[in-house]
Amino acid sequence: MTSGDGGRTAAYRVDVQFGDCDPAGIVFFPNFSRWMDAASTFFFRSCGLPPWREMTALPGSVGAPLLEIHTRFVASATYGETLEVQTRIEEWRAKVFVQQHRIVRGDVLICEGRETRAFCVRDAEGRLKAVPVPDFIRAACS
Amino acid sequence: MTSGDGGRTAAYRVDVQFGDCDPAGIVFFPNFSRWMDAASTFFFRSCGLPPWREMTALPGSVGAPLLEIHTRFVASATYGETLEVQTRIEEWRAKVFVQQHRIVRGDVLICEGRETRAFCVRDAEGRLKAVPVPDFIRAACS
Amino acid sequence: MTSGDGGRTAAYRVDVQFGDCDPAGIVFFPNFSRWMDAASTFFFRSCGLPPWREMTALPGSVGAPLLEIHTRFVASATYGETLEVQTRIEEWRAKVFVQQHRIVRGDVLICEGRETRAFCVRDAEGRLKAVPVPDFIRAACS
Amino acid sequence: MTSGDGGRTAAYRVDVQFGDCDPAGIVFFPNFSRWMDAASTFFFRSCGLPPWREMTALPGSVGAPLLEIHTRFVASATYGETLEVQTRIEEWRAKVFVQQHRIVRGDVLICEGRETRAFCVRDAEGRLKAVPVPDFIRAACS
């Protein structure tokens, strides 16, 4: 976890497995989305926030479901390699935020993704609804 | 769905995808378990039973979690191929049952699996517990 | 497969399984990418083209790897539901093309994705390289 | 990596992710097979052996494909938990070996699996064939 003008950055480690790769011998791309989702959670925990389901400051919290993803694939990766997912918040808006993930192998950029997410809670009737970005979450990530 | 001395058999179709295969060009084996799980559900629906969460005859039903699996891999399969998972109940015991899955490509046996499962319900406190095999389920599958 | 001003559209069927869903009870989003990839291949086969590895008109063909994906998630889907991935080519450029996938449940849009891909071949040294969009492929998809 | 009468044991760490779990909130079982496969490779690397594709002492080596798996599920696991896969060789036969994996959360056994595998090489014609267990591999694992 590092901290800078743009806020904190967390680094989530991935050891690429044989079974993560396809017949071309490279990572099957939906696995990159899977790792970015793990890195998203890892980021918030690294900022000192509790797990969503234990977040008493935001009752009914279920996390931050995705509204949109955008990923650019730059280089391929294969099994036996260790990758790092570098995650930070790129932009806070009133009701949503953009999380950026750069997956690198050493100095080499493998892919870069942006996820637009909204914090959601489950109300008394069990329905999910988005809530404005809570100040305490934004503060923890800065 | 066919019916015989050993009870009903359902046939679940799988079109093997590129992303289901590993760098050796063949199906990555945990996908066979995934397909057997889908075939398990398909079997019970083919027998005319409702989805678990709508099974009013067994309140709190959550399905039939696995206790044990045993799979023999006989031949490999690759993308572009169509497989069939042939599923039946091999044995009913008091509290558990054994479901057999044969995955074939035409006449060729690809793998054969046995799953030991128990029907479970969620009680008022939210805990899962196994229940004896309900007669109406056993009758539907015969 | 239907055909219109914008070219052909293929419809790939997905039966959502229990194991495709997450603890929130809805499809874990990387599975949508997995299904779009399957639908991409399905589209080209529906246009009458052979599998990539048998495409003698494009020697060394390995298919059309991804350069970029962009997906908007509009509504959630859960197990027991049947979805349809409606796939077409949205744009042909000199070296790349954009494939559009709309995943629907009946009239309801679940998510919409755009994939930028390039046709690639493996050269004599085993390296992958992108080639200009072949005319016979473009013609087959129109 | 520890060493005892029964040979070496490697411990492979798994951080269970949200996306590894199903609508019941627990690990979807094929993921256990996926982790055991990763732990199998990790075991051989921990014993000091090179990656299969760089194993010059066994030309054409492609690893040790599965012939059979047998897994007993004892307790459930959920996201946010850290598991350990404890892997060792349970039995060496002439042409195959049995690898045992115990997945634990602290002192709690989650599941236990046995995998029967054979070392395979790709011959000059590109066909896979099983070879007798090489002495240098057996020695490295003891």
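Going in written order, the chains are labelled A, B, C and D, and every chain counts its residues from 1.
Keep this in mind: contacts are C-beta pairs under 8 Å (C-beta built on N, C-alpha and C of every residue); 3 or more make two chains touch, one makes a residue touch a chain.
Computed from a prediction, not measured in an experiment: that's the story for all the values here.
Identification of common neighbours of subunit A and subunit B yields C, D. When the interfaces A-D and A-C are ranked by C-beta pairs in contact, the top one is A-C. The mean-CA centres of subunit A and subunit C are about 25 angstrom from one another, to the nearest whole unit.
Separation between the centroids of subunit A and subunit D, computed from CA atoms only, is 29 Å. Contacts with at least two other chains are made by residues 18-19, 24, 30, 34, 37 of subunit D. Touching subunit D in their complex are the following residues of subunit C: 18-19, 21-25, 28, 30, 78-79.
Within the complex, the subunit C residues that touch subunit B are 15, 17-19, 34, 37-38, 41, 51, 63, 80. Every residue of subunit A that touches subunit C in the complex is listed here, in rising order: 24, 29-31, 33-34, 37, 62, 65-73, 128.
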